[in-house]
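I'd like to ask you about the structure that follows.
Here the chain labels run A, B, C and D in written order, and each chain numbers its own residues starting at 1.
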């Protein structure tokens, strides 16, 4: 019984069975990686967890409560934050403003008609946001337009925004996709640091085996919409089924 | 008998002025010195010509503007004098109005009541216009008339045909020379009966707004009185451009006359569509199917082209009239611009002259004095015995003997029944006058149900 | 029954105009991603191509007829069109009579040119700009174009009658034994619209040019990567869309006399059509055009207006609201188009 | 000051000074001079400037902040006007109940229309709002003005008749719109030499209301709520995944901007007690879009500039006729005068639409950020120029000192 329990989840798109009877459990305070070849259903599964898609059958329980049928914002308010494959940030806003928005969301809830006070004078929010910028090593960029930053910085900002909400579960969708080696390593270091410093559960979807094996405590391999194996990293490395389905080349 | 009175407003305003003026170095305050709004103090007087310059009626507006410019020329003693020489009142000498040179400002009504009021307000507030005139639709006329009443200036309506302008929405400061829906009906019905018989079934298509409704009501009442039956009345949206779906049901309705209570672009399109659907070649129970367009305008007839041939309608005035006044007007207008004037141009020209004449006779620009001169007379139209038959009687302005009636500020005169000409000799020669319906036949009492409910109120000189 | 069928015909006829304009709008939107508020103006210019040709053909020399007088009492000047004196009165009159169909020949090159000039001179610079800017600049252009037309041709409608032979009514129901008199020119218009729509679809379906354009509509960047000069093709598409709108306008003249603001009258409606059909979907635009045309016709029947007063005024908008609320991307729209 | 930071306070103060001194600023030319044609300092136009300013500022709260382009905002303006005139008809000419009802009714309308329309975004949202507004217009123009149930008085516009109930009117109450006796059309005229300045009670009332709502708009812009609205425009997806429900945010913005429109409508009716249906037409909705974008969407002051720009054109350019042109060019030789009149003629008077269309295009093409961007560019250019001059002077001084060494 983990913090996130996925049970018998299936999803069909027309003629395509994207997920069939996926059952998976993520333990609290662990890093759980989900890997698999293209089209294995990783993204579909992730979308089912955050309310973007509703599975045809099955259940998804977070901390004992079902997430199914809830909107993304409700699920976020339950304590799940998501990092996207391409960084989703507020490009038109400054870095500091970006960081303040999740802080407001944590403090005020999903909607608050706070139209008369100045947001720059909300001490508590400002302090949290600035502290997080310091944590993320971005304090010097606080006034920058978010859209004008490098991809690595955008990723860093996005992760910071998620963390500032103190989520219990952080979902990462290929966080290093399209990154240069140096940026990738930075991101790995950042995630390692987060893992060490915080009480947090991380579920990560990743292509890059280097990233997976440097972070994950537990790995699930997904193939054609079904979990193939779930095991510790060292066992996965040697598992022939995985090599056949996923790595392919040695078969 | 002068109906001018010092209003509370005047007193209050002066109060407000003194209150506000304390802190400021007042050198001279214009408002407190004037007896009425925009009293002309210099050697000239400003009139406001408020016509549609943009939007679908822009061409009529342009023609109205030409007429106004001509009228100003004549009033100032330039040009050939036009109708000044044929006008029965000889007060106007060609030396401006009351000796003041006539100047004018123009504005764009856009055929929207809001825009028209904005434009009129700017003329009154910014340019100091003492009289506003013009317009090519009833909505605008009524809206601007209301404004002029509040502001304390005279409004001489341009082309407005709705009964309401001098009915339910009449105002003491507003005056209409143009005829109205009731008169159209009363003039047209006998001619229709004479030509098409008394046993007809009429199908009405009506523009779905105030003017359309009053005209439809008038025509239906007048024709029903002569034995016609009104089979159906269908309201069409103002924004409609294609009338096919309204025309098609006429084919099988059993009706043998189609009445198009449309004006402007609506009329051009609905008539074109009706002819397209072969209505004019249709026979119903052995009778030739007929189309009627109660309010005609030559400019619109031109838009409808061939389709108007043989179709009856009514009009306020037509350039082919041969009385001295009309001839003089057509001559000076035609010489200046190269084509004959429209009925809109005529009514605007005449209204300007009538206003100037009234001011001159009154010896004052005060709206109340002008009202007194314009309708306050005791003369009456011959041959009509009615309490209401009193006002200012004049002649020589193209419509024969005309009465500006005191009770509702509506002109009473003969109405022209016209028909689209079969063999036009020129692009202007589109309508022929079939009958000049005598004024007695289009007379109505001020309390006629179609005009009831309004109240002239008292003349307002403003300031 | 007859009445019912007549309204179907009316609807198809109205729908033809809507569909043609919406088709052009969708071509432009689908290929270039530009919201063209000047499209109604292109329709209007098309109609005025017919007016212009009619005027040109009617260019006349004047002879003075002493026996008649004009409105000022001067001898009447009789105008004889040059065409009639060159080709003889009969041939000349026939040419003038067929002015509207002949205008198609004039309209195609003129509209193509206007379209190309518009795209190269103005629209090109707005591909990367927000939709709001595109709307504003094309709206400005629409005002300018219509005011120029007004300056030359005045505000009143101008008759452009169909050829004598195509006037009058034909009984289209005769074959099936019904009495369905319907104006010939409206039938012509419907057939004409059908041919154009068919031609555009065929062009996109069966030519390589069309295939590239369709691929470009689906994913512009990929096609760009293939090294195909997609921009030039899109420019030509813009010209084509302008020509389609123009032809729709030319042939519309005999149905309702053109005036300078007819484009604006159609603009809002055609946008509703495009959106109801689904942004970027050509079949959707055509389908929605005919659908709304037919619904509009039925809403104007006495039966409908007595059941729900004023339904004829609001039907189009009501349908638009219902469609958009039940089908988020219109009838046949694709996902992700114009939603940000 | 007022809970604003320094920059916003100074902006507000500048706006306040300009609005309060508008009668002077807008009438720079002496009466009777040829340029007097360009004076805009008369009550009606000044009122329109501020009323449409309010309308555009409100529209900008929705469009500028959230990016939702409503093509039906004129409906709320129209509804506000009708509500206000109905108060005049039922209660009396005091404008306060009228304006309050405008706010309430337009708010309710906006809530209903917004609730439905905001289920969609992008152009689908625009078309939904357009459809609602066009329906309102069509209904107001004809259906709702039939004799049996005359709610709007159709084509003519809703106005007050002498036989209306006006239950709160005493025998001495003013018969024009007033605020507890202060008549809205009361004007104090000040003649200073050849200049004439008009101070109108209605204008100052509107101006004060505008300053209040601009202040409110600034507060909204700077508030957490405003931040959320900007976030909606920037990235709705991220909004959702950050635990924020976008729908109530956009709906609140929609209702607020609808109420701004309703307020503008109520003020329009208070300045001139007539409510015409054309106020609700799509062209009127388009006009406020143009105003906002022209001035600079998303900026605080832009919409007001845009509103002023368009209203100035509508009211001043449309009134210039050939007669006026001849006066201007009278100093030239006749042939030249006629030629000039001929050239300028298409652009003035009945051609004001043409000029406006051309100007739209020019502004959009060359100043994508609207007039505000134009102003900023100009300022930068002036400053840059000065800096360059300084730099040049410095360079000069160094070069001149060099030989001395």
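Convention: a residue touches a chain if its C-beta (ideal position, glycine included) is under 8 Å from a C-beta of that chain, and two chains touch if they have at least 3 such contacts.
What you see is a predicted model, and the numbers here were worked out from it, not measured in a lab.
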item	value
Chain closest to the middle [Cα centroid of all protein chains]	D
Chain pair that, of all pairs, has the most C-beta pairs in contact	B-D
Chain B and chain C: spacing of chain centres that average the CA atoms, whole Å	36
Mean-CA-position distance for chain D and chain A (Å)	46
Touching two or more other chains - residue numbers and ranges from chain A	none
Numbers and ranges of chain D residues touching at least 2 other chains	138, 142-143, 353
Junction residues of chain C - those touching two or more other chains	313
Every chain pair in contact, whichever chains are involved	A-D, B-C, B-D, C-D
Residue numbers on chain B that touch chain D, as the complex places them	8-9, 12-13, 16-17, 20-21, 24, 26-31, 53-54, 58, 61-62, 65, 69, 104-108, 112-115, 117-119, 121-123, 125-126, 137-139, 142-143, 146-147, 150-151, 164, 169, 208-211, 213, 235, 237-239, 455, 457
Chain C residues touching chain B - in the complex, by the definition given at the top	2-3, 6-7, 9-11, 13-14, 68, 70-72, 76, 150, 154-159, 161, 168-169, 181-183, 185-186, 255-257, 259, 261-262, 265-266, 296-298, 300-302, 305, 312-313
Contact footprint of chain D on chain A as seen in their complex	50, 71-74, 76-77, 81-82, 84, 88-93, 97, 100-102, 104-106, 108-120, 122, 125, 161, 165
In the complex with chain C, residue positions of chain B that touch it	55-59, 62, 208, 232, 234-237, 239, 241-242, 244-246, 248-249, 251-252, 265, 268-269, 272-273, 276-278, 281, 299-300, 302-307, 319-320, 330-331, 334-335, 339-340, 425-426, 428-429
Chain D-touching residues of chain C, taken from the complex the two chains share	35, 122, 125, 129, 131-133, 135-137, 139-144, 147-148, 151, 268, 271-272, 275, 279, 309-310, 313-314, 316-318, 320-321, 324-325, 328-330, 338-340
